[in-house]
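Below are two complexes that have chain A in common, paired first with chain B and then with chain C.
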Partner chain A sequence: MKKVLWAGALGLLMPVIAAAGEYNITVDRVMIDTGDFVKEGIGYNGASPGPVLRFKEGETAKINVTNNLDEATSIHWHGLILPFEQDGVPGISFPGIPAGETFTYEFPVVQSGTYWFHSHSGFQEPNGAYGAIVIEPEGREPFRYNREYVIQLTDKHPHDANRIMRNLKKMPDYYNRKQQTVGDFFSDMSNHGFMTTLQDRLAWGDMRMMKADVEDVQGFTGLINGKGPDQNWTGLFEPGERIRLRFINSSAMAYFDIRIPGLEMTVVQADGNNVQPVTVDEFRIGVAETYDVIVRPKTAEAYTIFAESMGRSGYARATLAPEEGMEGAVPDLREAPLLTMADMGGMHGMDHGSMDMSDSSDMSDMDHSSMESMDHSAMEMEDSEQPGSDMESMDNSGMAGMDHSSMIMPEGGASDPFYAEGSGLVPVAANGGKFLSYADLRAQKPLYEEREPTREIELRLTGNMERYTWSINGVKYEDAEPLKLQYGERVRFKFVNETMMTHPMHLHGMWSILDVGAGQWNPVKHTVSVQPGTTVYMETEVDAPGQWAFHCHLSYHAASGMFRKVVVEGGPDQGNTVGIKAEQDGGDA
Partner chain B sequence: MKNLTLTALALAIVVPSAPTWASDMPEDTSGRKDALTVWGVQFEELEYRYSDDDEELGVWNGDAFYGTDDLKFRWLGKGEYAIEEQAYEQLENQLLVQTPISDFFDAKAGVRIDTPEGPDRTYAVLGVAGLAPYWFEVDASLYVSDEGDTSAEFDAEYELLLTNHLILTAGLDATVAFSEDREIGLGKGLSSTETGLRLSYDLIDRTFSPYIGVVHERKYGDTADFAKAEGGGTEDWFAVIGARVGF
Partner chain C sequence: MNASKLIVMAAAMSVTGTAFAAGSHGGGHGGGVGEPGKAADASRTIQVEMHDNYYEPEAIDVTRGETVRFVIENRGNLVHEFNIGTPEMHDAHQDEMKMMVEHGVIEGGKLHHDMMNMDMGNGHSMKHDDPNSVLVEPGDTKEIVWTFSSKTTMEFACNIPGHYQSGMYGDVNFESAADTQASAH
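For the complex of A and B:
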């Protein structure tokens, strides 16, 4: 461990003599044309998305950011390991960049891979202030490719983000047009019978929860590299080439299920860190995550990159083709998923509704309502220390206990250890093939020595959908004390999702080592998705002094309270002096 | 020995710098640390009513608020304007503060000022509003008038989604008086109900939703007798056309 620290310290000093990758970025008001609508937004260097910033591992990045807006701005380098003063979170890393001023970010580039950057001020990011970062490694990469493309996704909405926030606060289902209707009642009735359907509706109505509450913000147009489905961003290739696609989900709210019909994708990197290659037909990318995949089209035809939002309310589309203008078939959107009681499994701690869910510690106490066996399955998940290794035993074990008579469950019974048993959100590949799971991810090379965590911190992801308040351990950011970590410790975070929404949790400044049950081969990420009704563990080597943001990366969840400041106490202070200097050089502070 | 000196040296460097380090940390003065403030304006009903007695009314039921999760200021306004008589049959404004008391319910308190054609009244208001199980929006208020009379109003609403844009809304509003206020024609006991059924279509987001519907108004007991004595009816059916408007 000491060695690692020393290496880190050396790493901080070395780039001073290395060549600098310097960029000038202006933050501007821009027009964003999605093909469906044109909307004023915020961009970089006159466009949204902004430029792809390319760096080389080992050099010093120097980025002069000029704020042409009439409000303060900031840029956060998502996933980059750097001194906290360079992290770009107003009020936590630095004061922000006032209107009309230039701030110079300067930090050593100590990693490689695919990352992104975005404003961390207000709702500038969902309004368009984002771009991609590609860092070339110092050494050889463990995979080969002939060409590469950044595939940066977003969920551009015709409404300004402030208006969306206000609408959600007024009426949480304002944008939800996938709600169950009278027609759905009748079609469920013909499939499951009247009593089952009625009981199903009553069970949900009693909780005041909606099965269709998968995507809060619908009505967006999915963009790839700033292009809507009709504008069809196209990447060219020669048949037989290996193409590296750097997928980045820069959405405010939307998860995407991505496939390229006709091509297998070999996932080689997740969140900037190489993983042991795994070949899949489809994968789900959480908000703020990145996945690098390699595809090898052998024939001279057009392939569609198809990215359906998780709630199937929208999609992004692009094309890989041997020449400009060629198009592949665009699939139809699949049916929207519905939550099940399993996805509510985490809610037993809450006061909601009158279901007897309160005493989950002793299951024999529970009345035999329709909820009981679902709870049971959710608890199995929690008890499982190593979700990845438990796949076999979990498969359908809970399903047998389910009271089918009073519940409408999805067919198929697909399972993934990172979803609640019986969850309605478990993704299935469109072609029936392999869908990537977190459980498939293995680090290519461990970044840290394996060691026991020094302590565990439980973070319950909490909220109230009807009020659209989101919180951690029931406390919103405005009321929360900072989370204090000690420099040098290894913390095991236990996320318990007690809400019915998926939360992509992002810790700034330090890596999130996702526990998939693979020990030292656990993948190293910067954003960890926690599905409803599940418990997910991640470990963090607390090796970055200063203070950092830690939040759900869904823009409107972060803004309504699912956010924390993390203070790392102790540790070497050279990181700070570097930062203070930069601050003096840069803004007016 | 060497180790000791090094430790002492390290301490000497670290200790004096520690307080400066702490004070150098930026305070979160960005808006994020403040409670989110939200506002909204909505007219649940903004409609023209035509009764089975050929009476024509302009009716609204509006709501505006400003505030945070913990504290909201709210205006509620109801009015019935008789078009032919050019008179307000009902004109009611409430100014309230509202705060959560449970996951799904808020408590509210404030004043209600009634200034229709005829005698005016001012009331103190205490109420609860929220979402009951099975998706019923409910609102219950207790009123104490400047004349010392108490009454209560209960309002429930249910939305049936025929499609995600075509919505059938059923509403019930009932008033109960605990003491008689003869001057404004309010008798003791259940005094009146208003039941409505409106079919709306969300034309522009949830900002503008035109609707058609029927409304049934009925007076009971002494209230009905008072109305009869003044030559009024005790029961009305209305055809309504209007729009739900919200910003």
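For the complex of A and C:
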């Protein structure tokens, strides 16, 4: 380890735009070859993904974006702190970039780390319009490594995104291949008995969803840096080197569980902000999140970067190797998780339709810490050596009024404070080792002084799976008033996920300080995943005047209404909002 | 943490402990890492700053047989370690440090001294009193006097979980010119 190359000094093997002040990007129709299929899409500078943009903290970035499409476009700089007119959301920040025109973005680069950029117009992003941003810090990095790679993931689907949206609207389970079958019914019946199995199915049916609704758009090919599993993107290394991997999840819908069998990964950054290093065997990356890890392969062999989607319906794969052409073993996909009753913990926000609540009055004041008040006689516990043990601490705060006494419970075991107790989604490392939790994240250096929030805003994440509508507080974007914040306040957002899907909530323009109970060391993010049946808090220092987007980053959830405009009132640049029409046509993710 | 895991870790601690008692090291290869020295014998002082999470400087030059006084100042907000050894020794020591973090002995910027005497069973504690290492709290300064022996692959390192892995280490380089001189002794 005599030769140490400094952070960001070299961009290796990736398309690089020299770190000067000015950049040119064209928005083009491109062909995307996943190895499984070839599909027309949208890219930047003739390719999808687009280039890795390399900025330096402290410089002013000037980016000329030329729209070669026959429709309007936009580029949003995901995670970057900048004046709102530069944020790239049509209808909120600016009118968009008309076909054939060039728009010049210009903003000071005031941060460092790994970020990404994507179109915020229609479904251009899931159709391929995304790229990576790497910002070199003004000072030194608080860690070191010999080389670095961007690892940008996506879930490329053979269908055009507009078609996917239409299909989901017509039939929300159109792309859900994991629906439970008659065969599952008989198999559960032999394990649990006919009545319990029937009641289990009826209970789920009443809630208009299925246990297998972990991923509502399946059938994609996972890509890493634009390469499908068989195309095997490869990054080279010399044994003994430390390698920084900048993971970015640019998927439309898919969360990925990422591991590199044979290597531990030391997480050093989340969403562009340094975190106190934590060494893990595997981590889950939500849509729009980034995680930087440092790995150190000591032997001259090929290591597989394996990214299984959370619902196990697809995977991405790449390789770290001492030379091109080497391959490591590619693991099998693990069994798909099934949602449990716990994942429905906050489900009162869903449309329960004709659900019968007549016999549930005795459950409305249920105290699950003492099981006596609850009729669980018909409840089946798989692996139930200690019946009730995995029920005792279950957070059923939102369950009042639901008769779930006959639902089949999963075995207890893995737990994570950011998942409902007993959730079927709690991730477990493939090798039995350490799986990263939000609870492990600590800011490397507090970004803001700790202070009490000035007020709390509750945002219930809501939806109706039957009609494929997604909303906040039961109101979808086009029907909602903007969320008004005052410049200078510190707002505590309370996310209550009342759906059974995970929502990666992304606030533009201001940081999301995720409450992991660590006070001033709480990690600072731009995208916060809220798991089904959970309540998650984040705080925001309202320090950016103007108007901003705030939405679920799942493309089809944002487009169907889980989206808000945020207006920051007051502040030094208040005058800038004058002239921006409060158009409501910006519901593009 | 279950009992069996605890015993394994306790065993790991005793291995490094014993290695030092014998004046050798736990790395399992040829060269010796040296031994604690007396301040009076120190030929010079090397100032080392700890930051979150790196050292300044990140490499030092020593000669064989030289006794160096290290003055180590923690300028960061987190507890850090300064530990002189081979990469293998650091690797082994990382399990002990992990235990100290898991038991709350080291908590971000705090070192809970009262917990370091906690009985871990089998006569082990988490005292962290090996002579080749110091734990330094933010704002504090500590010293180590070390006599280097033969040329070997050595690093100074912080073995608090994640710190070494993300690059909080420095190289100990044996000066070749001085080596010639030293070998004349």
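Here is the rule we use: the second predicted complex is superposed on the first by the 490 of 589 C-alpha atoms of A that agree within 3 Å, B and C clash if a C-alpha of one lies under 4 Å from a C-alpha of the other, contacts with A are read in each partner's own complex, and residues count from 1 in each chain.
We take it that contacts are C-beta pairs under 8 Å (C-beta built on N, C-alpha and C of every residue); 3 or more make two chains touch, one makes a residue touch a chain.
What you see is a predicted model, and the numbers here were worked out from it, not measured in a lab.
Superposition note: with chain A as the common reference, chain B and chain C can be accommodated side by side. Here chain B and chain C are compared by how many residues of chain A each touches, and B touches more. Applying the stated contact rule after C-alpha superposition, one finds that A:91 touches chain B and leaves chain C untouched. In the superposition on chain A, A:55 makes contact with neither chain B nor chain C. Once chain A of one complex is fitted onto chain A of the other, the partner contacts of A:559 are limited to chain B, with no touch recorded for chain C. Judged by the touch definition given at the top, the superposed model places A:277 against chain C, while chain B stays out of reach.
By the touch criterion stated above, A:521 is placed in contact with chain C alone, chain B being left untouched.
In the superposed pair of complexes, A:296 makes contact with chain C only, with no contact to chain B.
In the superposed model, A:470 makes contact with neither chain B nor chain C. Contact with chain C, but none with chain B, is seen for A:144 once the two complexes are overlaid on the shared chain.
Of the two partner chains, chain C is the only one touched by A:268; chain B is not.
Between chain B and chain C, the smallest C-alpha to C-alpha distance in the superposed model amounts to 38 Å.
Listed in rising order, the residues of chain A touching chain B in the complex are 90-96, 121-122, 165-167, 169-171, 174, 177-183, 202, 205-208, 350-354, 464, 466-467, 469, 476-478, 546-547, 559-560, 563, 565, 567, 573, 576, 580. Residues 14, 17, 21, 24-36, 38-40, 42, 69, 100, 102-104, 131, 133-135, 160-165, 205-206, 246 of chain B are the ones touching chain A in the complex. Taken in their complex, chain C has these residues touching chain A: 51-54, 58, 77-78, 108, 161-163, 165-168, 171. Within the complex formed with chain C, the residues of chain A that make contact are 1-2, 4, 140, 142-145, 242, 264, 266-268, 276-279, 294, 296, 442, 444-445, 521.
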